[in-house]
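Shared between the two complexes below is chain A, which pairs with chain B and chain C, respectively.
Up next is the complex of A and B:
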């Protein structure tokens, strides 16, 4: 029953996203053709091309038929055509996706894991010097936007100390291969990942710490202590595991924030990726690419939430009875 | 916490191990590295580079034009010399006999004829191919281009902009935009393409040792992607030879012993006025607006001095086309008030009022012009005109202006090197033009200057246009932004006269890279 309920909720959310993505450009003032294809299309547009484009998305048909044509195109991964890149939007996005996945994925894992560990340690020692130092420090970090942390890291490690590269994802034309290339990629991603991780660490840390404090008061903790278990085992296996649950739920939601955060961080580090792509698309008013990225981010947030929802009952069997 | 410490120590160690071998960014002999914020400007073939100046710049290292420009003006390139026949309205070009394509094949008149015929079917994005009616080879090294109409900027817009492509490679290509192989970048230029990475935004060029006009000055040119803020640090540590410099740090880079060159004005920002509706349809009212806005203060406050105050004639004061007797409309709120009084407005409590109605105007602009818009709104409000200033999404502004649904707006455009911009942005169609045809004399001059092939007569026309345009004031040029380029001085970079090709204001002319 719960599975079905979930699927329906997600399907409704998905349709709303698609409908928004379809309607917004068509609601913009002026010619929908430019709103859908961007300024660049005006330069490249011949009468034949214009006719072809109108036909492709059925722009001369009523709105519901246009929506049908739009969905039909989506099924075959046709997200539109970018006249700036002279390539399909799908291929443009796919080209820059791996680098964003690398940086965002790594920092999502790192910030979640570090946040959970620090949160458990902090909650366990509530009121101690360590707890207060962590709390103040991370609350402070939380106040800085990710691109600012990125700039500070870049200035300190890149410019002043000269130990980190100033830009890019690899050293261009250094002729590196194999392990040297792997190290080079790691070196280039260290600072962007650090910036994103530091900026998002506080969220998972605070959530874990709060839950930890509540969990520590639970009766089963007393039982664990009474059984004479080792403190490490009590801390991580009994209290810690139970404190992780809300963090996992939030991870799905944070993904969206991380991807938009990556936009600024990628700009600061001139790191290739979807953020750079979005920025360039905004500058050149390449609407098809902007919409494609919007759809991709929305769908991936939805997908990650769905996966978390599916995993959740396995981590905490109680939620199966929550409906 | 005891367990945590070793873990943290391990992370710190790992990060420092990764970081230590990073100091490999020093300059290498024979390699010239240029940093760029955007990186990817498309595959550098004529049909695949993105339709922006930096895209053309990446292509012009490989492909050449009939004529070219250096810092002072037109110079021979694939054409050694040329003559113009007024009766036939045709140019005859004598071509270089020792130019060769990168694959060793000789360059001949047939390639030029092929290029102009090929672009009839597959227009090159930057050149209006309808101007050349016929191209014919008189012999292997002489080519005659007959124009379809008199076209004054023929060198700037066609002969000096159209890249010549090899017939033996392109003859069978039906989809030039999708032709991306190594053969698609065989040109006659001083450099060949060794690598292009779209995702990393990097380009690698190697010297063409058989170049016919001299020796390539460096063995390799590299374009790398880097945030503009990092350019000064990269130039100072030697990992980058040349890059644009943010205005705020240009002076510091110069003080550190590097060369900083300043772009001649090629862009402007202007106040667009809806001259079709009351009260803005009155010339005196528009002139009053011009007197009420202090453009010198605007340059100092909004651009911290990194701009030039606008001339109401649109052409910048540094341009050879600039008419020094164009009315200046220097800041004079008293004169502005006198003009408004002549139109029946009276000043009541700091506000101009007519028939009991206080004077109110709206000002719309894209978010890029927020600071500028606030300054203009403040100046006009202080003067006595209430301004409702709103920033909107850029496309919304364009369509409102296009539909005349506005009072005042702010808009900027480039192309100020060549006076054809006057025609395009005064009587042209579309939101980016003033669409002002109320002055028949101005309209006639704007059309005539495009077909006047005599340079002196054209210049006289352009001078008259500036005076009339400034007097009619259908739009007011507010400023010309200044941009800076920093380099280590190892190559003599310069800004090309009237910009590269049709007017790209980037100091990376391929001839700077040839000895």
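Up next is the complex of A and C:
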């Protein structure tokens, strides 16, 4: 794909996201205000508020003018108002975002690094007992849904062994500061991060292993051996580095999977991130929050994909010269 | 392709293990009424019973027999999985093959939509739409199929493009065969193994997402499903009921997905000759 195609792809993706968010509530049967604002808003509804909201969404105007009003609000980061939290959707999401970023970011780094290392070792020893055990084990692990892995970890370490906290991101009312607070946060995030990392390890592992198998057959590997380089140096500096490239292109897609995985895992551990927020919003039909989460998650995944697409040609010159 | 897909899958250990797991789930779903005396929906006053000779896995919080729920849950997972797998595959073939054969602007438009849909995480699209329309089983199958054809369409298009250039297609066209005839008679049958791999991917994704949605509590709350069982069991995790309630449901779901993963891995090695001849084969 050339740069032009990339831009068109992201533009189309963005339009699909906006269209879903804009059209879904307006296509629902019944009062569009309820569909846009959810059940919670009806309790707070007064004639003045209703009038204000109809005007705010241009609901008495034709559809294309409503879309204009919608876009206008988005540009100023106005994602709507949650009557459940009595706060703007933007501030509600921003409040829980750091916890999700912490868990997702850590798991992304851990699962990618571990997957690459295991993939290199496995591909290097292709066909050996270690390789077979790793391949079978990780493909089996791949079958466990992240929320089930989370539940198993919660039961084993939280309920049976009692060594890990059962819920939350920090111990409430403990008033911890400094290093003690750091340790407390670490203790709370350990299980959610472990669940996500284990569930997503197989992706980077399988990809690295497959590339490794192909790279090991390349002529430059023979050259490296003939030069008398140490096996460790051949494995990591020659074969390994080349096997990492496809993994990088997948980072954006994996980020998307980890974020959606976090939605489920946070629910298991009652971790106060975006997943917990989404779950609460689904229960209380707080549509503005659901829409806001969808918009933010989808747009951030698009952004990361875009950045990866932009960096990649600089890391792999073959791509740059391919056109 | 001159490789027998069936033989290849049966020859690989992964293929055998996967097929065995899937057979187990299919049989459990098919003969569920013979394996249990209880109706999985039947609520009784005997709630949260421990396993006994009457209730092999005890009962849940509203007194339903957990063993029956486990068996009938297989039906839900398989119905969604295979329903979405087939519908999604049909959409993939329609868009992939037509893109390859028609080309031009049409191809461009379809492929840009495909790329865009690949970048947006599918689960979050499903959650958003499901939050509004609260789908029942049938609508859920349609919804998942409508959102999961993009990956298959791209792969099928690539394969159809290379088939299009091969001699026998040119000969058929030269003898006056129409595009639709060529697609139906020559291209789709030759796609064989790719279609199977894409179908299994689709089934696996659908089983996974259905369980996830049920776990989140979106969709039909009355539907017996492994995701719903895990969701209900989770709220009682402080009791020891997880041993016969949560774990069996999670394991059944995981084994189904692992079975599908193993079969698709065996089928993939047919498509990618570099991965063939592994020690595991």
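FYI, the second predicted complex is superposed on the first by the 316 of 323 C-alpha atoms of A that agree within 3 Å, B and C clash if a C-alpha of one lies under 4 Å from a C-alpha of the other, contacts with A are read in each partner's own complex, and residues count from 1 in each chain.
By definition in this document, a contact is a pair of C-beta atoms (placed from the backbone, for glycine too) under 8 Å apart; a residue touches a chain by one contact, two chains touch by 3 or more.
Since we're looking at a predicted model, the values are computed, not measured.
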item: Side-by-side fit of chain B and chain C on chain A, or clash; value: clash
item: Touching partner for A:79 - first (chain B), second (chain C), both, neither; value: neither
item: Chain B versus chain C as contact partner of A:244, first or second or both or neither; value: neither
item: Chain B versus chain C as contact partner of A:139, first or second or both or neither; value: second
item: Chain B versus chain C as contact partner of A:154, first or second or both or neither; value: both
item: Which of chain B and chain C A:267 touches, first, second, both or neither; value: both
item: First, second, both or neither for A:216, with chain B first and chain C second; value: neither
item: Which of chain B and chain C A:278 touches, first, second, both or neither; value: second
item: Partner chain(s) touched by A:93 [first = chain B, second = chain C, both, neither]; value: neither
item: Touching partner for A:193 - first (chain B), second (chain C), both, neither; value: neither
item: Offending stretch of chain B which, after superposing on A, collides with chain C (from 367-375, 403-411 or 457-465); value: 367-375
item: Intersection of the chain A residues that touch chain B with those that touch chain C; value: 28, 35, 151, 154, 159, 267-268, 285
item: Parts of chain C lying in touch with chain A, wherever the complex brings them together; value: 14, 112-113, 115-121, 123-125, 127-129, 131-133, 208, 211-212, 215-218, 230, 234, 237-238, 242, 246-247, 250, 253-262, 265, 272, 274-275, 278-280
item: Footprint of chain A on chain B - complex, ascending; value: 1, 3-4, 15-16, 18-25, 35, 37-40, 42, 48, 50-52, 125, 177, 195, 197-202, 204, 220, 222, 224-227, 229-230, 233-234, 237, 239, 394-396, 398-400, 402
item: In the complex with chain C, residue positions of chain A that touch it; value: 1, 5, 8-10, 12-13, 15-17, 20-21, 24-25, 28, 35, 126-128, 131-132, 135-136, 139-140, 142-145, 147-148, 151-152, 154-155, 159, 210, 213-214, 252-253, 256-257, 259-260, 263-264, 267-268, 278-279, 282-283, 285, 287, 290-291, 293-294, 297-298, 301-302, 305
item: Complex contact set, residues of chain A against chain B; value: 28-31, 34-35, 40, 43-44, 84-86, 95-96, 99, 117-118, 121, 125, 130, 151, 154, 157-159, 162-174, 183, 186-187, 190, 194, 232, 267-270, 272, 276, 280, 284-285
